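Labels A, B, C and D are assigned to the chains in the order they are written; within every chain, residues are numbered from 1.
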Amino acid sequence: QDYTIGLSNGWVGSEWRTQMIDEAKAAAEAWKERGVNIELVIQSSDVDVQGQIGAVRNMMNQGVDAIIINPNSPTAFDPVFAQAAGAGILVVATDAEVSSSDAIYVGIDQTDWARKSAQWLADTLKGKGSIVTINGVAGNPANEMRVAGYREVFSKYPDIKVLNEANANWDQAQGQQTMQNLLATYPDIDGVWVQDGMAAGAWRAIDAAGKTDTIAATGEIRKDFMDLWSSKHLNSGASVNPPGVMASALNVAVLKLQGKEFKDGIFAGKYGNAIYIPIPFVDNDNLADNLKAAEGKPGYWSITDTVSIDDAEKNYFK
Amino acid sequence: MTAALTARSVQKRFGAAVALSNAALTLERGEVHALVGANGCGKSTLSKIIAGTVQRDSGDIVVNGAPLVLSSPAEAEANGISLFYQELSLIPQMSVEDNIFLGREPRNGAGFVDRKALAKKADALLQRFAPVAGRGLNSKARVSDLSPDQRQIVEIVKVLARDPDVVIFDEATAALDHRQVELFFRIIGEMKDKGVSFLFISHRLAEVFAVCDRITVMRNGESVDDFVTAETDMDTVVRAMVGDIAHDLDPAPSTDFTSASARLVVQGARGQRLQDVSFSLRPGEILGLGGLQGQGQSILLQSLFGAEPLTGGRVLIEGRPVVVRTPRAAVRHGFGYVSGDRGRDSALQGRSIFENMAIAEWVAERRRLVWPGRLQARLSEIAQSLNTKYPSLDAPIDALSGGNQQKVFIARWLATNPVVLLLDDPTKGIDLAAKADFFRLVRNLAAAGAAVLFYSSEDAELIGLCHRVLVFNSGRIVAELERAELTSFNLTGAAYGSAA
Amino acid sequence: MTLANALKGRVWLVTLAALIVLVIVNAYLQSNLFTPRVLKSNLTVFLPLVLIAVGQTYVILAGDIDLSVGAIVALVNVVTVTVIAGIGTEDAAAVLAGILAGLATGVACGLFNGFLVAALRLQPIVATFATGILFSGIALRVLPTAGLPVPAPYWRTYAGGLFALPVVLWIFIAVLIAVGILGARPFLRHLTAVGGHRAAAFQTGLAVTRVRIGGYVLAALFSAVASLCLTGETASGDPLMGGSLALGSVSAVVLGGTALSGGSGSAFGSVLGALVIGMIGNVIFFAGLPFEYQTLVKGVITLAALAGGVVIARR
Amino acid sequence: MERFRRLLTEPLVLASLAILVLLGVGEFLSPGFARGGQIARILTVSAILGLVSAGQALVVIGGREGIDLSVGALISLGALVAGNVMSGENGAIFSAILAAGGLAFVIGLVNGMGVTLVRIPPLVMTLGMMGVIQGGLVVLSRGIPSGNAAPALMTFINRPLVFGLPGVLFVWALVALAMWFILRRTALGYAIYAMGANERAARLCGVRTGLVRTLLYGLSGLMAGLTGVCVIGYTGNSFISVGDQYVLPSVIAVVIGGVSLAGGTGGYFGVVLGAIALTLLQSVLTTLQLEFWGRQLIFGAVLLGLMLLYGRTKRLRV
């Protein structure tokens, strides 16, 4: 069988996204062994919502069988996905959930992702202390879900005081700058909940202030950060958002294209269209193992995980 | 019968500078009233106050017996007042007809611009100037493509199109030639008979005496005298304008240059609007360029200075051929160039007088580093030798009046010790006293060995200053007048002679 | 020489030529380009930038610039969806109320910009950048994160047809008519004069401040309509919408032959400029470039087109 | 009274006042804000903005609506190139500076030639160039920020060198001195002002305006490239959009510093103060416990307020 699948990525600002595309390409390649030829149509450039809608429309006009999208908005694609579905095109979102009932989501539960690391921080602080958070882009849905996730956890600990919630736009330099300002404002910070690449920046500021021993902070999953983590003995822990999500989505999509039916009751999420995949966690206990797995990989490489074809078939399909 | 317009004890300051301390005038219905005075005495400021573009500090403007409180030019226009701006008020990118009716476009029922009506009206107005309009002036032409005199004509037409009761012409004839001025005066005459009143500002007293009924003289922001034209003479008016300064020009001494070797030789120069121009210029000589406006005199000067391209011919300095493709090369070869269009060609707006004076010296002397302290003494000496009035070298150039600015720009070139000085109608809009200073200066420079090429739109200046005059027409030299032949009659004759 | 004369003041002819070339290339790469479905789909994608570019033209003609149009799009969008959701019904009245609230918001933003730039005399680039920050702050206040679906009739209508033609085409035609009407009004000449030589326009008696404010209001109004279109396209609210529209609209305006310094150009050219920008994106998509090269090729083509437009505009 | 008013509208005075007020507000909101350590950290961040604003200031002073929107992409490029050349080796710092600065300088010259030879408006030319550089960055890096900063460079940027101040501040001081020297003690500097005030008049005085203007854009590129080196020294490693956040702030710092966007006025010391004031404002806002939108409103309003005080254009009716 031959399928044409469109991959839409609306942002090229990070190595994580590149790894995501690369792993998806590798997954498509792997289908050859099973006699399935997949032609990919990749749109990967910095565009805003309407630009990405344009790309999706172009894919539809080209007649793809499925579209896998890392969407720039949860809700804005509803009409265009409805049209795609009307044209018989399968739409799978990944990394960020979409509200459209004409699409499914294959990826992690961002709220749970945040819950896990927040829980780690709460446990590490033994349920007591002053913390600050550094978030991504205010208003961005993934950010809002993560904020909801950590708030839910911290609200359960009356002795954990959230001093400030800042935004650093998922930018490492801004994360570092923001952490500097927070350290100057609050001399007695015990913990920091910070997301993604900003964590490296925040840790750099903590390091510069000589507070690596007294502050616990969430981290990230790039190899070079884990090297630093290990060598400086940071008190850190990180939920993994694996770049392999798009590959997982692709595997699910191809199985669906082959006519398989989803199991009943596997869809979750607030839109009822999400297949959540497992979220690994890295902390001081398993850091060494993870570093071993990353051996030989470049510094930008992120810990990853893909739902294999067989697992997908077994877990999600009838 | 009430006067058309009365201004009483009008005062205006710009920051610390007092532009008007006590300006007053009465404009009777149907008269042409001159407003004269030295540069910076406040004529334009008073005009702009009357026209609503400048806000007065105190004083009264009375129109048709009613005091007028103006907050915008639109209100002045609604009261029948229209001003010809000294610096013009045209939009360069727009067509002549659109400019003429800007803000009062004829509309059709739907509120759209009625293009046909607009074109028809514009054509009718322009028709009056057709005999003297020159090539390219039509209602569809873009203003930026027009020559300076054509733009002035458009500004005149624009003023007239507003059907004003009171018209102020602020140096409306500055760029016009004889024939254009004559036609313009005829139109003023016709309108005057219909009861329109005119305020006429000019530094050309001959024109004032030719067309005006009465004269108000201003000095230092104050109205100092009123005359009935028929009962006075030029000397009296000039004395009222400048106080007691003598400013008569002695004719240039006739000197024999034939023995000296030429400093500048131009052979068969060709350019966009130049055809086969050849002449030579000797040290100490002041060579005039005459003729009607826009016959290539200005272009020649700019081409020699590298600001316009020459397509053919040779230029030799001290016998050696030189190629001057940029002003920078010209400066390095010892040329200096003073333009009459200060705002466009000379003024570094917002920068200090010091910088405005020093900039060419740095280029000429190939300086890399600058120590402002070292140059200051020399520059203030030069500026003072020109009788420049300025608060300090650090003051911004914009704080000087036009005449004093021009002195600064001349000082700019004196600082480079030029061997050839190119003067491109440099006295445009400069008052008589400043002009006299300027002439003395040029003459001293020549006496010290500089060679001067001098273009002026006023024959009197050529006659007063030059040893020799080349008369231009359509980009060629059509006559050469030696000192002895230099008369108004000969100049006019030569200018029109081959044109006719 | 004759060609240059013919082009004088009609730079949009060149933009049109560029557009035709792009359409031909696109048709070569995408065989079904000229099917009604694909044409409509393309127009739907291009329409918001077309609208904003038209609005931006009026500001630029007057010698100003509006960098807040993207933020206005976001603000209008969230106000519209919030008002509709607040009314709570899915009927035409609620939608209409939302649309009116959005348009009113747009006009208010335009008045605010115009007031700051023309009446308080702030420098347009920095001032509208700052107001853009304000507007997106307010948008985040109104709707903290993307969501709030609009009633289906809204986006179904937008995606549907009317008298056998798609609604988006009707909107496009309406834009062209609006451009034509504005072009025939004295106001456009006044804008152009104010941008061409502000002092002269003032001395001529034009109400310069009011004219400039008018330019900003027009820009904001077109942005608001663009936002309503985007709301039809996305069927939801998003406070971060429109981020790239400000600079994109400036590019479109320049591509369309309007001088950035003001005083010459046409909104019709900007329509073509916006279409050219959209078509560049399409051609790159269908050329099947490796994804690493998509951004670069788009950047190079856009820069070349901008440079070419400027060079020809000068002739 | 008149003198007092003139003093108050003097940009240098105003920017200094703004800095004092912000420090006061910061100290009031969070005691300890105006302490030495935090001030040094704020100055470090200001230095990075100040360096890129130096080039921006030159371009703006040079007139003809000069502006350089490509500085952000050039910073990213400088960081990427420097990171690759250094690869964490102290020995390669100098070559990294040379490579990043040199490449950015050449690209700046291309901007300059577009503006002078082809006469493209600077806003458009540099905007277009921004797109090209960003595309080039994706090609060069595939979205992956290979390369990282040498330890010595990171210490130089982040750690106190003398008097508790990091080395980058001394670089900034040197650049400020150089800017003063160029603008006030060289013929080139006066030529820049002359050109900004009246290009035609400057040319008629023998200034090679085309050459000078091209050089200005080259210098702006150079400063952006060097800023990129500082940024990677600040963050340790780079990503392809690391410079984006500096574009409009560099213009704003220039405006707050009293340089009119019309050209021909102003000096670099004002810009230094402008960069500090802007950084301080962002820092104070971070420490405010406000929702993100509230911070934005205050930021926008303060910007408008500063401009109202002295960034106004001339009246038409005088």
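Basically, contacts are C-beta pairs under 8 Å (C-beta built on N, C-alpha and C of every residue); 3 or more make two chains touch, one makes a residue touch a chain.
In UniProt terms the chains read B = Monosaccharide ABC transporter ATP-binding protein, CUT2 family; C, D = Monosaccharide ABC transporter membrane protein, CUT2 family.
Quick caveat: nothing in here was measured; it's all calculated off a predicted structure.
Colleague: Two chains share more C-beta contact pairs than any other pair here; which two are they?
Modeller: Per chain pair, the contact count peaks at C-D.
Colleague: Counting only C-alpha atoms to place each centre, which chain is farthest from chain C?
Modeller: Relative to chain C, the chain whose C-alpha centre sits farthest away is B.
Colleague: Could you state the distance in Å from the CA-based centre of chain A to that of chain D?
Modeller: That pair's centroid distance is 34 Å.
Colleague: At what distance in angstrom does the C-alpha mean of chain D lie from that of chain B?
Modeller: Between these chains, centre-to-centre, one finds 43 Å.
Colleague: Compute the distance, rounded to whole Å, between the mean C-alpha positions of chain A and chain B.
Modeller: 72
Colleague: Find every residue in chain C that makes contact with two or more other chains and list them.
Modeller: Residues 140, 144, 199, 202, 259, 294-295, 298 of chain C touch two or more partner chains.
Colleague: Two-or-more-chain contact residues of chain D, please, as numbers and ranges.
Modeller: Within chain D, the residues that touch at least two other chains are 134, 138, 142, 292-293, 316-317.
Colleague: Send over the residues of chain B in touch with two or more other chains.
Modeller: Residues 53, 72 of chain B touch two or more partner chains.
Colleague: Which of line, ring, star, complete and other names the graph you get from chains that touch?
Modeller: Basically it's none of the tidy shapes, so other.
Colleague: If we use the touch criterion from the header, which chain pairs count as touching?
Modeller: The set of touching chain pairs is A-C, A-D, B-C, B-D, C-D.
Colleague: Per the contact definition, I'd like the list of chain B residues that touch chain D in the complex.
Modeller: 14, 52-55, 71-72, 305, 307, 326-328, 330-332, 337, 339, 344-351, 355, 358-360, 362-364, 367-372, 412
Colleague: What does chain A use to touch chain C in their complex?
Modeller: These residues of chain A touch chain C: 9, 12, 21, 41-51, 53-55, 57-58, 60-62, 73-80, 83, 99, 137-141, 143-144.
Colleague: Across the complex, what residues on chain D touch chain A?
Modeller: 29-30, 32-33, 35, 37-38, 41, 45, 134, 138, 142-146, 148, 158-159, 231, 234-237, 239-242, 245, 283, 286-287, 289, 292-293
Colleague: Show which residues of chain D lie in contact with chain B when the two form their complex.
Modeller: Touching chain B from chain D are residues 184-191, 193-194, 197-198, 200-208, 264-265, 316-318.
Colleague: Can you list the residues on chain C that touch chain B in the complex?
Modeller: It comes out as residues 181, 184-186, 189-190, 192-193, 196-197, 199-207, 259, 263-264.
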